[in-house]
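Each of the next two complexes has chain A plus one other chain: chain B in the first, chain C in the second.
Here is the complex of A and B:
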């Protein structure tokens, strides 16, 4: 029992070390790809963005709407319903925006990346590239990784803005909160540091979600079953990593 | 040893295994420059594995592989890639890039390795596609092709950089007699006109007789027989005869290693 625990711990460390090495290789190749093959990156930003944009917008709207409802119902008890804008803005910018966007991204774009790369491996497309003296890491993995890293903050911003719009719609237009108070309170209590916290989170989550998707796809067992499993693992591991990192970043920021 | 210089590829005492499965046990093989060398052998003997070892997609357990006298195990990634640019390889299943059109698939090596203007790339790609009879399919996606068509596109892609060494893994499978004839002539022409050295894996004894200068028959992890197609056809060895004439009984077992058939059907193998 103890032995097994020990071995799975060693196994975990080994995988984690390999993941770090893989991350460094992606980073080392990123500048060259950004400069010389920018078109490939743009295409991947487009792919990741186009895949996730609609669900990000729908979810952002409804999350914002719920914040408007909950905020109003609870703040009204203290006669503070004017603060509902502040409440929604804090929740969206600092927590819900980055976290939910990352989870949605991994479910939509991350799984697509992992299965695409896994399938390329299973059908020997990656080997064929190697044989044509083209490094699949540079040609396939790095652009996809960068595409995810770039699109995450953009998607997070869209999520938060649409969320605020949803909160405004519910609180001001439906429940009758004063629009001036809604915006005024928000502006006076929100500091630039709060915005930065959200931006940093979204950048970290972008790196993590893209890294894990690309890693799982690249290391998938090259069979239909293996690719399926890699896809599932992408979502699960990303969710765990994002929530743990969210806690850690919040702890540091406070 | 004057002909030692003539060898493009030399494989010495090669061992390779996957898990408990011994695939090569002391394989020795020579491939001459500017010839078509055929590699034959029963399914599962490791022909594809051998091609992967030669191109260093796999690393042998023991033994050396020399290309132009250089041990490929000693190459770093940069040297390996410049070696690979001399290769053109046709994978057993084509391995076309599924997110690119047929045209872009064939153009892929050109776009990655050269700065040719679009007009020239278009010219080269269409010429190669024409050679395999698929110029009309240039705008199709790989998913829309039949197996035989995909393999012909892959062949065009393998030839597009004008490599020194062409490696074909079962190029004739899934081709109709007409395209088969065209492809056989194409393989031969690459050799005669352009001085390419070719390595060709195939089961097709007749087609091999038509194109190959020299062939090797692999069995049990070693070279079982070698020589020109005629020599092999007239060889006296039981194994060679069985393979060349397609008989089920003989030294080569048709079945993969398995427990006794009757015992297994009766469910006694579990005990």
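Here is the complex of A and C:
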């Protein structure tokens, strides 16, 4: 029992260390790819970012709308329904925007990355590239990683803005909060640091979600079952990592 | 070729949208960066009690924000709180004997500094000190004063 625990701990450490080395290799190759093979990165920004727009916008709108409803219902008890804008903006910009976007991103784009790379490995396309002296890390993995890293902050910002308008639509247009109070209260209580906190979170989550998706795909067992499992693990591990990191960043920021 | 072009267009549109969203978040949702661009001058004011006045709290005159609090510290020499304010340079004709008070916006709002114009011909400028100040109202003091008054009132009767 203790022996097994020890070995699984050593196993975890090895995987964790390998992940760090893999991350460093991605980073080391990133500048060269950004400069020389920018077209590849653009293609991946399209796959990871532009194709995720629809789900991000729909979810952002309804998350904002529900914040408007809940905020109004609870703040009206204290006659403070004018603060609905502040409430929605704080929740969206600092927490819900980055976190939900990261979870949706890993579900929409992370799984696609992991299964694509896993399948390339299973059908030996990666080995074939190596035979032709093309480094699959530079040709396949780095552009996908960079595509995710670039897309995440942009997706988060779009999510938050759409969410704010969702909250505005519900609170002001449906429930009758004063529009001036909605924006004014928000502006007077939000500071630029709060906005930055959300942006920094989304950057960190972008790196983590893309790294884990690429890593899981690259290390998938090259069978049909293995690729499926890698896809599942991508979502599960990303969700755990994102929520833990969210707590840590918030703790540092406060 | 056609496909590459539509991908490039989609990416461009996406990045533009994202940038616009970032721009909106940084400029439209916060009100505190409106001052950062303009020139300011610094004045000091000493208060017996600053209550819960924070850095970056607004300085208002007739309800209009004209500046920010830049630092709140306790001065060990004079044994009172020393507050530094930065005021936009365009408001360079505020009388020197103006009165500064720590007020609260709304019942539960945050605290800010309210300036009340004086009658002097000299104006506040870089480095000058506001002499007439009025401390923040601390609820506990108010309550104890009220209780004390009632006590003394009943004694007299």
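Details
Here is the rule we use: the second predicted complex is superposed on the first by the 254 of 254 C-alpha atoms of A that agree within 3 Å, B and C clash if a C-alpha of one lies under 4 Å from a C-alpha of the other, contacts with A are read in each partner's own complex, and residues count from 1 in each chain.
Heads up, the rule we're going with is that a contact is a pair of C-beta atoms (placed from the backbone, for glycine too) under 8 Å apart; a residue touches a chain by one contact, two chains touch by 3 or more.
Note that this is a predicted model, so its numbers are computed, not measured.
For the composite obtained by overlaying on chain A, chain B and chain C can both be accommodated side by side without a clash.
In the overlay built on the shared chain, the residue A:93 is in contact with chain C alone; chain B does not reach it. Once the two complexes are overlaid on the shared chain, A:5 sits clear of chain B and of chain C alike.
By the document's definition of touching, neither partner reaches A:251: not chain B, not chain C.
After overlaying the two complexes on the shared chain, residue contacts for A:35 are found with neither chain B nor chain C.
When the two complexes are overlaid on their common chain A, residue A:50 makes contact with chain C while staying clear of chain B.
In the superposition on chain A, A:139 contacts chain B only, with no contact to chain C. Seen from the Cα centre of chain A, chain B and chain C lie 150° apart once the structures are superposed, a value rounded to the nearest 10. By the touch criterion stated above, A:164 is placed in contact with chain C alone, chain B being left untouched. Of the two partners chain B and chain C, more chain A residues are in touch with C. Contact with chain C, but none with chain B, is seen for A:186 once the two complexes are overlaid on the shared chain. Once you line the two complexes up on chain A, you'll see the smallest CA to CA distance from chain B to chain C is 11 Å.
The part of chain B that touches chain A in the complex is made up of residues 55, 57, 81-82, 84-85, 87, 89, 91, 93, 95-98, 108-109, 112-113, 161.
By the touch criterion given at the top, residues 42-43, 45-46, 49-50, 53, 80, 89, 93, 150-151, 153-155, 157-158, 160-161, 164, 184, 186-192, 194-195, 198-199 of chain A touch chain C in their complex.
Interface residues of chain A facing chain B in the complex, by the touch rule stated above, are 119-120, 123-125, 127-135, 139. Within the complex formed with chain A, the residues of chain C that make contact are 7-8, 10-11, 13-15, 17-19, 21-22, 24-26, 28-33, 56, 108, 110.
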